[in-house]
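One structure, as structure tokens, below. Some questions next.
Read from first to last, the chains carry the letters A, B, C and D; within each, the first residue is number 1.
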Amino acid sequence: MSRIGVFVCHCGENISRTVDVERVAAHAATLPGVACATEYKYMCSDPGQTLLKKAISEQRLTHVVVAACSPRMHERTFRKAVEGAGLNPYLCEMANIREHCSWVHEDREEATAKACDIVGMMVERTKKNRVLPAITVPVTKRSLVIGGGIAGIQAALDIADAGHEVVLVEREPSIGGHMAQLSETFPTLDCSQCIMTPKMVDVANHPKITLYTYSEIELVEGYIGNFQVTVRKRARSVNERTCTGCGVCMTKCPQKKIPNKFDQNIGMRTAIYVPFPQAVPNTPVIDRENCTKFKTGKCGVCQKVCGPGAVDFEQQDTLIVEAVGAIVVATGFDLYSISEKPKGSPIKGYGEFGHGKIPDVIDGMTFERLASASGPTGGKIVRPSDGREPKQIVFIQCIGSRAREKGISYCSKVCCMYTAKHTMLYHHKVHDGQAYVFFMDARTPGKSYDEFWRRSIEEEEAVYIRGMVSRLYQKGDKIVVMGSDIAVGVQVEIEADMVVLATAVQPQQGADLLAQKLGISYDKYNFYSEAHAKLRPVECATAGIFLAGACQGPKDIPETVSQASAAAAKVMTLFSKDRLEREPIVARVREAGCVGCFACKKVCAYGAVEEKEIRDRQGNLLRVVASVNPGVCAGCGTCQATCPSKCVELDGYTDEQIVAMIEAL
Amino acid sequence: MHPEKNNSSAFEPKIIAFVCTWCTYAGADLAGTSRMQYPSNVRVLKFPCTGRIDPVFILKAFQQGADGVLVSGCHPGDCHYIAGNFHARRRFAAFRKLLEFVGVDLQRLQFSWVSAAEGGKWVDVVTDLTETVRALGPMTEFKELALEEQWSGALTTPELKEAYLQI
Amino acid sequence: MTSEKTLTYAYYPGCSLHASAGEYDLSTRELFKALEIGLTEVPDWFCCGATPAHNVDELLSLSLCAKNLELAEAVEGDLAVACASCFSRLKFTQHTLVENATKRTQVEKALDAPLKLDGKVKHLLDILARDLGLERLAAAVKKPLTGLKVACYYGCLLTRPTDVPNLDCVEAPTIMEQVIEAVGAETVAWTHRLECCGANFTLSRPGVVIQLTNAILEAAKAAGADCIMVGCPLCHGNLDIRQKEIEGVYSTSYNLPVFYLTQLVGVAVGLESAKLGLEAMIVNPLPLLKSKGLL
Amino acid sequence: MKKKKMVISQETMDVDFVRKVEMLSDTSVRRCFQCGKCSAGCPMATFMEHPPNRVVRLLQLGQWQRILAGRSIWYCASCETCSTRCPNKVHLASIMDALRKLSWDAEGASKESYVQLANKLFLQNIRSYGRQYEMRLAAVFNVKSGQFLKDLMLGPKLFAKGKLKMFHSKNKNMAEIEKIFSRIDDMRKNGEAL
């Protein structure tokens, strides 16, 4: 038999002005199971709380209802007080007679009657409340960072500097990501390599960072604080421990004409290669698809010339399992390609630009490699087709972006700025050349960004033309650009030597597959979704997984780095405790009744519902039932409302509790 | 326990609101902190998410003498639990058909989105529903239907199960 | 594609083919006969309304086309269309009426009959390249067009409108090139394959047409073409009939014969000049064909 | 009209007209974000006083009178280049169709009469003969437009090549064509179609 204490608050006059609190208390006292009912001026004040604690011990109360303000205001306060008096905090409920009653009604009679009802409902509910033990989970204080671009590098360094171990997994042979490809960076025009490479070296040398390059995530299991991650380390064919990075193998490899992806396929590399000289680690990999040895069985030159004998053709992929407590996803972006019309997609693509078949029509990243001092041309801006310096260069913005029929409807955010940068770099290098930019509008909202764009026009003499280009075609060795200037209202034609397309920023290939492994959500473009666009922009809805950089949406470097540091801070907050405590509002399956339909599993947005095998003593499989992982469950209750057998139950919001409230009316 | 007025012949509808804690409950709180006024007929039941709201509760409410039911949660895309409100909407869309089938005037059951910032909207929604239901008069259908046993939670027949899975 | 399969079509020539483009009609019938493809003219077909109808009265345009589609159902086979404009309108109508229920209801009301809309509308190119197949086409060649440099001119309508299931890629089609290369010709890569010739302004605003058509002829010449191939009587009208006039206006000389695709393919499969209506062409093609040893 | 100041208010923006355009063309006017790609590729833009993107812009502002007063819509060749390349799925060619239709309904607000005349004759031809008679079309056009000598040089040549025929067999089922025309007329009268 429950002994409930009801405490009605005046809130100064906030409640008592319209609600007759004495009458409410008197009414409460008549309800079955109520052992005592009192009112007090300020329940949340020290004396108010003392009164409550005293009543609990003196009256041997089993449950408590505080009729006062909104639970969003003081539920925590009173549950703590109740706990202080030795009662389970979840046996205390609040009846909201202020925000939902005294403040919204003027008629004293009506308000009092309603307050009585509200208290009555909560009394009935509270009777059904159960003791809920606090849920705590241990925290493994190691973190996984996926993706070694500037986002991943920054996050890894911040976490490692705080003294926690970090496992950094990068798909390519070297870390660095796209920033390593850039020439100079807006808005300051400092050299990308100069600010990037020291950080890459820091990663390599950091005692707390384990670096797996040329590796991918195979499997992710577990939940916040307790993930087990399987990493596939692809065979490099070079032993990382023994290789000294001398590079002799690369000078001797006879396969020299393989387009280097890092140089946007303008530069060439060998079959055994590092993508760029400053690569970290500086250990080459053999590209097995292009290596003569792997194709025909002959060659093996690299092995012969390698002093330390590091080349190992027999090497196999290895699987490594790492236990971590938090994951930072930083897999970055890719560029939209006008030469590939996505198969089976309704998107039209850019046939009017020759589907990428005009050799001197390049994308922004290719221009970066041309302009980069360490690029394939040593920083000379030349045409891919004939190596001549372009004197008339046309930039076209918003290619693939903001074009729902051609590619993507969103704005890629960085291309207005990098195009302005490109016009400057071009002007610095080709003094007698002229840059033209076709654009719709310049999106430059950042510190010193608009000034930067204006500089491109006012000082670097780029000609900006407001209007898009309809068609590009090769005419002799020129590219005819058919555009329009909508401000003037006339068509514009330019015979260009080279055209640079500001192609859209898209998530990495296969971003969706990785998300499925991680159990995080992604939008229709495959960008990863944050838990809340404004207030939780670096967390995934899935607890323990955080986002950094362009994998979440187009970003420039300053934003990427801010988000990476923020994600690192979130990881450190998580690691600041040994165990995680969380509200015990989680779903629980009554296994006896579960028919294994897994309707619950389908609706759970957190992947908290797992399949559990029930076996007899001999180990024979009897049936498979649902089981909720309390570490993952967020407590929404959707599963419960969905279960046709009524055998999932959300603690704190059981059917019993709710029906009791309805019946109290 | 109707909030009976002095003039006891006037019908005062009983409205039950099922709301999610993150958006609508907070929106109703905001109406309070802003001292907005609305009819006192509504009783609020708080859920973590509209996804938790089982249609059975709505039936239950009608059986218990509610004359109107309001279900309200976060706007689409704003669900605190990613997609709970989405599942709820799907479920309720099917459920409305069921109610219509058994002859309930659908004006008595309203769904809306009220965010934590929409105190004013909460007031409007509650006022509207109260007035609508007041005009419709007391709800009698359900007492006659007496579905209580069938809908106590157990799905006894294959047809019911089928219907339920559709919901 | 098995060679046993006999192909047969309902044929919608369109108004021009019964008048100014008589040679297109003639060469189509003769070529199809030679290739053993059945062709039965849709009895009592109407004008599809072409550009002027949809220009000012879409409902009328849709109704006229729908009526023709209905008439075509009486004849066995998919509907073969020669004119790019008719083709564009007919397939657009079919697509629109399938997609848009409101318009379908209106049109059904105008025709006072329910619509089926399940037949296929095909341009001659589609039939040659896909139904017959390039291999079978190549096998029928008697006089390969070796050494003939052809500029394939699609004009604007052949691959448009864009949201309708199409003959080929809207912006970078190759179907004409495929067909004519299959019978031995060379094609030139040129810049104005898809530019509009001004089409139906030929009557009301010939000045416009002359300007646009000149650019097309100039581009074809610059690319080194011997002749132009078209699949549309309107394009033909502007490029062939007005060529002399254009040469006059711009004081230049192009002398580019403009063939219908069926005429050129016809030459390759060995049909004689009279069956192809070559003498009806304004820019005389005979010297060119003779110089390449094709006549 | 062109230079006159635009006074913009809910009264001067004729949204109903725009809705009609949208209904007829099955495309959204508001969706256009004025990128200008349509105008960049339009073969006829140089002949228009309002290039295509500006036609859409004027519609967005409900200023259709400015469009119909000009000749832009009558210079559109219906080549579909704009619709094909629009990054935003604005079917401008269909909007042009709709505008011409509405202009026609509004009876001759436009300066451009030649194209209209040609169109009218073309449709009349269909109604009376079922098919096009190029000869008749050209002859009547020239007479009506007062350009008796236009294309005079072409005529005999075409005639000689068999390209212009004097007589044609009428369609046998002319009655059906007439019915289609009159049913459409009726539907319009009854407000069942635009």
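Here, a contact is a pair of C-beta atoms (placed from the backbone, for glycine too) under 8 Å apart; a residue touches a chain by one contact, two chains touch by 3 or more.
Because the structure is a prediction, the values reported are computed rather than measured.
Trainee: Suppose every chain is reduced to the average of its Cα atoms; which one is closest to the average of all protein Cα atoms?
Mentor: Per-chain C-alpha centroids compared to the overall one single out A.
Trainee: Take the average of all CA coordinates in subunit B, do the same for subunit D, and state the distance between these two points in whole angstrom.
Mentor: 55
Trainee: Take the average of all CA coordinates in subunit A, do the same for subunit B, and state the distance between these two points in whole angstrom.
Mentor: That gives a centre separation of 36 Å.
Trainee: Centroid from C-alpha atoms only, then distance subunit C to subunit D, rounded to Å. What do you get?
Mentor: A distance of 23 Å separates the two centres.
Trainee: I'd like the Å distance between the centres of subunit A and subunit D, where a centre is the mean of that chain's Cα atoms.
Mentor: 51
Trainee: Residue numbers in subunit C touching 2 or more other chains?
Mentor: Residues 162, 170-171 of subunit C touch two or more partner chains.
Trainee: Mind pulling the subunit D residues that touch 2 or more other chains?
Mentor: Expected reply: 81, 84-85.
Trainee: Name the residues of subunit A that each touch 2 or more other chains.
Mentor: Counting only residues that touch two or more other chains, subunit A contributes 352.
Trainee: Tell me, which pairs of chains are in touch?
Mentor: Once each pair is checked, the touching ones are A-B, A-C, A-D, C-D.
Trainee: Per the contact definition, I'd like the list of subunit D residues that touch subunit C in the complex.
Mentor: It comes out as residues 24, 26, 43-44, 47, 75, 77-81, 83-85, 91, 93-94, 96-98, 100-101, 104, 114-119, 122-123, 125-126, 130-135, 137-138, 141, 150-151, 153-154, 157-158, 161-165, 168, 171-173, 176-177, 179-181, 183-184, 187, 192-194.
Trainee: So in the complex, which bits of subunit A are touching subunit D?
Mentor: Residue list for subunit A touching subunit D: 352, 398, 402-406, 440, 466-471, 482-486, 489-492.
Trainee: Would you mind writing out the residues of subunit A in touch with subunit C in their complex?
Mentor: Listed in rising order, the residues are 348, 350-352, 354-355, 473-475, 480.
Trainee: Across the complex, what residues on subunit C touch subunit D?
Mentor: Going by the criterion above, the answer is residues 15-16, 18-22, 44, 46-47, 49-60, 63-64, 67, 96, 100, 103, 106, 109-112, 156-157, 160-163, 170-171, 195-196, 198-201, 203-206, 208, 212, 241-242, 245, 279-282.
Trainee: If we count contacts the way the header does, which residues on subunit D are in touch with subunit A in the complex?
Mentor: Per the stated touch rule, the residues are 33-42, 45-46, 50-51, 53-54, 81, 84-89.
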